[in-house]
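Attaching a single structure in structure tokens format; questions to follow.
By letter and in written order, the chains are A, B, C, D, E and F; residue numbering begins at 1 in each of them.
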Amino acid sequence: MPNRRKSMPIIQFNLIEGRPESLKRELARRVCETVSEVLDVSPTTVRILIHEMGLNDFSVAGMTVAERLENSTPGVPYEKN
Amino acid sequence: MPNRRKSMPIIQFNLIEGRPESLKRELARRVCETVSEVLDVSPTTVRILIHEMGLNDFSVAGMTVAERLENSTPGVPYEKN
Amino acid sequence: MPNRRKSMPIIQFNLIEGRPESLKRELARRVCETVSEVLDVSPTTVRILIHEMGLNDFSVAGMTVAERLENSTPGVPYEKN
Amino acid sequence: MPNRRKSMPIIQFNLIEGRPESLKRELARRVCETVSEVLDVSPTTVRILIHEMGLNDFSVAGMTVAERLENSTPGVPYEKN
Amino acid sequence: MPNRRKSMPIIQFNLIEGRPESLKRELARRVCETVSEVLDVSPTTVRILIHEMGLNDFSVAGMTVAERLENSTPGVPYEKN
Amino acid sequence: MPNRRKSMPIIQFNLIEGRPESLKRELARRVCETVSEVLDVSPTTVRILIHEMGLNDFSVAGMTVAERLENSTPGVPYEKN
């Protein structure tokens, strides 16, 4: 089964901090299911990493999430390209 | 909607090369669906990156995928811890 | 100079493939200048990595760049959160 | 505008912990400006992630930053290659 | 020495949190030695980053390390492909 | 064995392209040995990824490796911090 032998996906999530632990567990379970199904690999070969970022550690358009929340900017601006 | 405003997940996949483009598209679509549902965020905020690795660029137990295929090693050895 | 001694930034870019080599060089030069100035560190400590992705290796809202170009989707949809 | 449609840079910074939040905000703003200008893309498509590392989580020449500070090693040794 | 001039390896570790600082230092020292020897580059060009993950930030087969510890699952299940 | 159960290191290498496949295999084998020994984990839990970069995809002090080779700059400049 070359396809299977060849695939041991490693998946890294970058998320803003603050999710409850229970949600992280559900995310790991659900994403593993989906990836295992789509790529046709055993769930046991799927590794998922979550990297949480502070509110000033992620920015869009040069403005961090913390700044957005302070300014109550309505979400992310329209992407003009 | 602070929860939503706070989340723009960036997801990086590390996969062995050789998947058809159609499968990559299905992977992007399906994983976006799952993540959007579990994290309760708009699909438009979900970014997915795929990094393909050559057969000698990924190894388990110090043995690259290429070596495994040559030696037709039956999958990955039992993880003893 | 603890500030300086403590900082050797490593910066990774994820870009869609297809940029001319000259632009990559300009990007490295200009970003190094900016980072060195903002963080007040010697340019010689700044390392920049560029990772190019294929047109089906990056997706927004579950749709790869290749699909967007085929469908001539006007850019990225409004982010609804 | 294929060039623009094709680029939504995702930039990851690895920095030693300890920078003030205000500096992170300035870094996000300034780097977004530079990248947007050099790559000729809308700032709204630029995402920047900062990953802070502890003093024993980054090393040069096998010596962590914490060890360097303890030994007050004068910066990074000459790179002999 | 083109080989040497061409190589400044940057190595990122993803580890479950909880290792003592002394072990991180030993890891940096020993891995730098090995990499420098195998790739024939000056140790001074080797940079190592360690990224620690929480017990719910890493999962195998959709089950986080925290869940494994709670269920005292005996290690990782056999990888069936 | 909580220590062991808690550790499945994932190690990512960023290297300039051009290493022979045999060297990548030796790197995977040797680094796995070292990491397994230092962290006291089973080699079967160690995963190593190699990401090769083009000569204009890695830069120090704003100058890519390709530029360095063209200008036959003697290695990396002294790090002045």
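One rule holds for everything that comes next: a residue touches a chain if its C-beta (ideal position, glycine included) is under 8 Å from a C-beta of that chain, and two chains touch if they have at least 3 such contacts.
In this text the structure is predicted, and so the values were computed from the model without any measurement.
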Touching both subunit A and subunit C: give me those chains, sorted by label. B, D, E, F
How big is the rotation, 0 to 180°, that puts the C-alpha atoms of subunit B on those of subunit C, in steps of 5? 120
Taking mean CA positions as centres, which chain lies farthest from subunit A? F
Indicate whether more than half of the residue numbers at the subunit A-subunit E interface occur in both copies; give same if so and different if not. different
Whole-Å separation of chain centres (CA-atom averages), subunit D against subunit F: 18
Using mean CA coordinates as chain centres, what's the subunit E-subunit F distance in Å? 11
Multi-chain contacts in subunit F, i.e. residues touching at least two other chains, fall at 4-5, 7-8, 10, 14, 30-31, 33, 45, 47, 49, 51, 58, 60, 75-76, 78-81
Quick one: which bits of subunit F touch subunit B in the complex? Just the residue numbers, please. 1, 4-5, 7-8, 21, 24-25, 28-33, 41-52
Which residues, counting only subunit F, touch subunit A once they are in their complex? 8, 10, 47, 49
Subunit E residues touching subunit F - in the complex, by the definition given at the top: 2, 4-16, 18-19, 23, 26-27, 30-31, 33-35, 37-39, 45, 55, 58, 60, 65, 68-69, 75-76
List of subunit E residues in touch with subunit A within their complex: 14, 51, 53-54, 56-64, 66-67, 76-81
